[in-house]
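I'd like to ask you about the structure that follows.
For reference, chains read A, B, C and D in written order, and residue numbers begin at 1 within each chain.
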Amino acid sequence: MKYKRVREILTGLIPIAAFLLALLMGTMMIAILGINPWVAYQALYNGAFGSINAIADTIVKATTLLFVGLGICIAFRAGVLNIGGEGQLVVGALSATIICLTFPDLAGWILIIIALLVGLLSGAIWGGIAGFLKAYFNVNEILSTIMLNYIAVYGMNYLLRGPIMDPLQVKLGSFIPQTARLPQAVDLPRLIPTRLNLGIIIAIFFAILVYIFLWRTTIGFRIRMIGQNIPASRASGINVPKYMVLAFFLSGALVGLGGAIEVLGVHHRMFTDGSASGFTGSAGFNGIVAALFGQLHPLGTIPASLLLGALLTGANKMQRVVQIPSALIGALNGLIVLFVVGSEYLRRSQARRVELITEVGYNSKHKSKKEDE
Amino acid sequence: SAEAFRVALIMPSTINDFAWSQSMYDALLTIQNEMGKENFQFVYSENMFVVADAAAAIRDYASEGYNLVIAHGSQYGASLADIAPDFPKTSFAWGSTANVFADQGITNIFAYEPYSEEGGYVNGVLAAKLSKKDIFGVIGPIETGDAKRYTEGFKAGIQAVKPNAQVNVTWIGSYSDVALASEAAQTHINAGADVLTGTAQMTVGAIGVARQRGALWFGYDVDQSALAPKNVICSVDVDWVVALKPMIDLIKKGERGGKIFTLNLANGGLKMVVNPEALVGQTIEDIVKGNIQVKVEK
Amino acid sequence: MIKNSSKIINLIKVETVEMRGIVKQFPGVLANDHINFDVHVGEVHTLLGENGAGKSTLMKILYGIYHQDEGEIYVNGKLVNIRSPLDAIRLGIGMVHQHFMLVPTLTVAENVALGLPSSRKFLLDLDMVTERIKELVKINGLYVDPEAKVWQLSVGEQQRVEILKVLYRGASLLILDEPTAVLTPQEVEELFHVLRSMIKRGYTIIFISHKLREVLSLSNRITILRDGKVVKTLPAVEATQEKLARLMVGREVLLQVEHPAVKLGKVALALEGIWVQGDEGLHALRGIDLEVHSGEILGIAGVSGNGQSELAEVIAGLRKPTQGKVFIKGINVTNWSPSQLLDYGLSYIPEERMRDGVVQEFNIEENLILKDHIHPPYAKGIFMNFHKIGQESERLIKNFDIRTPSRYTSLKSLSGGNIQKLILARELSRKPSVLVAAQPTRGLDISATEYVHRQLIEQRIKLKTATLLISDDLDEILSLADRIAVIYEGEIMGVVKRNEVSVEELGMMMGGVHKDNIP
Amino acid sequence: MEAIIIGITKSAIRLATPYLYASIGETLGQLSGVLNLGVDGVMLMGAFSAFYTVLKTGNLGLGLLVAIVVGAIFGLLIAFVNVTLKAEQGISGIGFYIFGQGLSSVLFSVMIGSVHTVNGFPPLPIPWFSDLPLVGEILFQQNILVYGAFALIPLSWFLLTKTPLGLNIRAVGQNPQAADSLGVNIVRIRYFTVIAGGILSGIAGASLSIALLNVFQQNLTNGMGFIAVALVYFGAWRPLSVLNGALLFSTVNAIQIWVQVKGINIPPDFTLMMPYLVTIVVLTAMAKRRVRPPAALNKPFQRGEE
């Protein structure tokens, strides 16, 4: 019925309304700093979509966010919170880098594939540790992932200061903690003459894969099941610890792959500023937000990552143009997150009401999609 | 009138980090005051610790036709090498390093590099002379880059004066962990050190401790005496102007890059800023107040 | 004030409660449809109706958990607006919920004291609370140890804690939503004794149950609901079980399933000297020997909390025995994983339906394949075959008459009876060779119960399933089991043929007397 | 030797102080069922506001008060988003983290502009006790906020186990429906614990900026808030165990620095890694203890839904 349709659409618009509301708050903050908000937001837009390069940068940022977001989707569906994204990105990137530095003579595409796989695997292991500790040693995953993030960073600093430091740096005596540039052969193909590379295609491919995995395969079914009811899962013959580890393993795998792709696609070398964020840009955290904006649904996470990527990219442009303290952008992003999560409940309860309008006319397709979310 | 010279600066921390980034920001302000706003304008992007974002900024500035784009962070080198070739008309500067990517046939990148070790050496000598306990504490971010060089220099300075003095070094593992830096200072003092030094912005925590526990402090990057007027004896002020001025002149002459500028004591790129308040000032004050009687044999 | 009630509690007297034209709409269901209902001091007014008829909803409205969409409530003739349980409590209304509302990690006293102002202001006064509870225990004969942690208590004891909570707050109108569903016959008798004496002391009770015999023995008046509407309100004296059943269901129901004899096959399930640790660490099972033949229903009778749950869990592979062996179809399956057992033809109807039996956030279709989703036809390799799953679900929903708008409806919105039907559909459609059914009709209305019973019997005839039926409801065991084993403190007091034992003998065995020692 | 022990333990105690405030605050919230990952953001706001006040007025008491107020305001917002708007707590927390971090930095840039130091709370020797050998110097010559942090342990223990409020808090976190059916105001309890958590996070920040470090810099806490949350899990929602966790973490960190100072030849990255590694390992070793999180943790309350 028409009326219901309208209500459904309106309901769908709630998060967007919240998003705009947050921008409005930001407007005030900007105005208070004595800057013309209109100019600022124009800059924000241009920074994200203003030019080919801007769009490319937006998508490049979104790529990593998407990989993390996908990992988060799986973890969330399994009922665990993986805030170890930062560490998993670092580990994935590092291992991919090391592979490329160790076997520079392998044919490019072979090396790329191996590097990506190794990145994926090591991210998986880093995540798997948290899962393993939770499943078999009752160690809460929030604690373990936070700790593992730091451990990864210090490990990275060690490697980059010594074992895999760029020989040139030693020669020059400037000791910059970074590796040599990776062989050109392992640069991910660029889609257009910008930083935009194959990564985004791979990411979207995996998004679809994760969707199919979670809702079309038996393993996905089980992962979603342990996320909802552990006793019932046991009674249904599911080895709960095993699948908990698996969920974390896969979650970490996607994030690790994201890290590897960031290296092969964007930086072509590994470096550190002493923290993880210099390399990850805090994607390990922002990816969680992307996943939420995407309703914890792999496909929804695609546009969500793009939106967030645009926001972060545009924000820097905004700083450049109106010269506001960079931190203001952080505050603004925080506001946006809060407003959107805050509006979630409103959206849900609205959706339930719309549901209530009538129970007739089930269209199985439309409905089963609903159940997915 | 000829149009103004336009500079864009990208830095990893903030313009008020009291270290690396602030020192460069101050330098540009100085130049602007000399040349005048109409002839010299600059914009900056701070907190660009995310290298990907910095790269975007560099590219963006370049495409907006700035005369000089300064990538003030060693982690930016790689991105710079990618971007510079696309903007042959723009000059880029990168620090701190001695690499202009000539090997890659790039011609529009300048490099600047402070001989941090020289400043460190001077501080070391002074420290050695002033120390009563001959135990010294160094607090650095991660053992690399300028921090490493400064520390090596500081050690050398100590050794030169007191070959068997003891220099304890701690690395905080981050540029921002103020709490750990201050705890490191505490530990150094507990271990008997009476003179401390260190680099990067998290050392403000350590300076606070020196101030509280009456240890001497030797600063780096900028004149840090404001943080502990009674304790900061001398700071190495990295005066980037010394590198930037000639750089700007070259660009005006039509050069685009290829040159490495070093900042050292010889060219005044490193300035030893002695804090008049501490020690010197203290002594003067004491004499004036009569706390110290200076007797002379007639 | 009510005379002879304890001096420590001052009762809030309720003379009459009247609910007029109550309407409550849930997504897709009109749970209450213009219901009129009233109750007077000193009477037991029973609400009767099939699962999903709207009984709990009506009571939750009276207790302030839901708010009615339409209609008014009058207490002692005054119009009241009950916005929250607190309002209800202040009006002297107390409710014991169908699903217990206790904090397992806290002690009885703490559970009772919860939400009450303390006599010592900012300090807990648990000692005083404990004293009062002991007092109430004495007056009302609801024995329970105030210092015990709730998770350690048997279901019956938890029940008493719920009632104590209500009494402690001075409520004089008690709403009891299916209090007997989880109790053994003895416990039910004790409870009724307590309730009757309370009535004498001027309390008023609204009672909900599916067990007609209980209803008739306790009630003064009975109101029957169907599909959210009142069918009839009548004095208990005018009612018979058959009449009530007809009014509830709207058709004749036979309250006794016929039970044709079948010749037994060979032993399908055997336990040999099984020892098991319970949650409290002590041994919950101490050397259990049992045999169930294919085609046989072996009933496990006993007072709840004597190891029944652990027995079921051991066979289902959810609990590892410390000693002893389990055999299925002659194979030693001790320490097999639940999944191995499932694949080997074991089905399990869990006692804790909501916890172990279903996934609330999943829809009906998904819940129907919880156990077999990895097997064809539901799965093609690692992929789910939604076409087949859909077909099968529709078939099961139809055959087992699960009342739901669609197979995509989320399980949450099903009423107790329908959820149990769903579990039954899933477990029986697996064509098990061994079936463990724990409290299979707990909380089910008579038609649903009848339905479950018929299914179990049919299963036994058609598939020669060996069924281990664990139930607190002696009637159920007597009407279904071929043989009955009585369990007491983790030991079997004896195994007897159904038609060779008297209720009295069973009672004695349930009390801990070994079969051989019965005179 | 004695000097070393004194040095290390004093370091440990200083390092532990902010964690204690923040972790106990988080414990209260989690016990009532609210997970807050935004601690670090609130700490930064507390640290900044206290520092700014002291810088301008020189009044330490006032600085602390302002930090408390700011913490309370943030607690209120967090409660509103998580309890009233029933947001997904895992994510809203991240939002508050980013927001607090950003806002405190902006305010620093526009209101202060560059790094300054202030005179923070001075050491406050406790008469008689401070003269005791060893313990006297270690425990009783700290500043008031350090004492406060340690006093918080028995206080919170008392609140949780000996008062009606504590009982309500625990019940609300375990089974809100039950508590609600007895007229306990779930929303009010959760607002209380979360606001209290905000206040304590604010004090945690203040303890850095006006008692221990006496400076403010952007992102001064450098992620301490997350460690604080982790320590709640280490402590399994028991104040005393939280204390143990905080002390373990901080002691290893103190030893780690000492090892570096002594020039013992291990790459600093590995010594720096130790606190985090040890915490995990110890917790793993303690796997036997079967502690369950509050049953309703991270589950918004909706009356009438089991």
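The rule is simple: a contact is a pair of C-beta atoms (placed from the backbone, for glycine too) under 8 Å apart; a residue touches a chain by one contact, two chains touch by 3 or more.
As the structure is a computational prediction, the values presented were derived from the model and not from experiment.
The chain pair C-D and the chain pair A-B differ in C-beta contact count, and the higher one is A-B.
Centroids built from CA atoms put subunit D at 45 Å from subunit C. The centroid of the Cα atoms in subunit B and the matching centroid in subunit D are 34 Å apart.
One simple way to say how far apart two chains are is to compare their mean CA positions; for subunit A and subunit D this gives 28 Å. Looking at subunit B, residues 14, 47, 142-143, 173-174, 176 sit in touch with two or more other chains.
For subunit A, residues that reach two or more other chains under the stated contact definition are 154, 157, 161, 325-327.
Shown are all chain pairs that touch, namely A-B, A-C, A-D, B-D, C-D. The touching residues of subunit D, when paired with subunit A in their complex, are 37, 41, 81, 85-88, 90-92, 94-106, 108-110, 218, 226-227, 229-231, 233-234, 267, 269-270, 272-273, 276-277, 279-280, 283-284, 287, 289-291, 293, 300. Residues 216-219, 221-222, 225, 228-229, 231-239, 352, 355-356, 359, 362, 364, 367-368, 370-371 of subunit A touch subunit C in their complex. Within the complex formed with subunit B, the residues of subunit A that make contact are 47, 51, 53, 57, 60-61, 153-154, 157, 161, 168, 172-178, 181, 195, 262, 266-269, 271-275, 277-279, 281-282, 312-313, 316-317, 319-320, 323, 325-327.
Interface of subunit A with subunit D (complex): residues 29, 33, 76, 81, 83, 133, 136-140, 142-144, 146-148, 150-151, 154-155, 157-158, 161-162, 285, 288-289, 292, 325-335, 337-338, 341-346.
Interface residues of subunit C facing subunit A in the complex, by the touch rule stated above, are 25, 27-28, 316, 318, 337-343, 348, 350, 352, 355-363, 366, 370-371, 373-374, 379, 382-384, 386, 390, 405-406, 408, 410.
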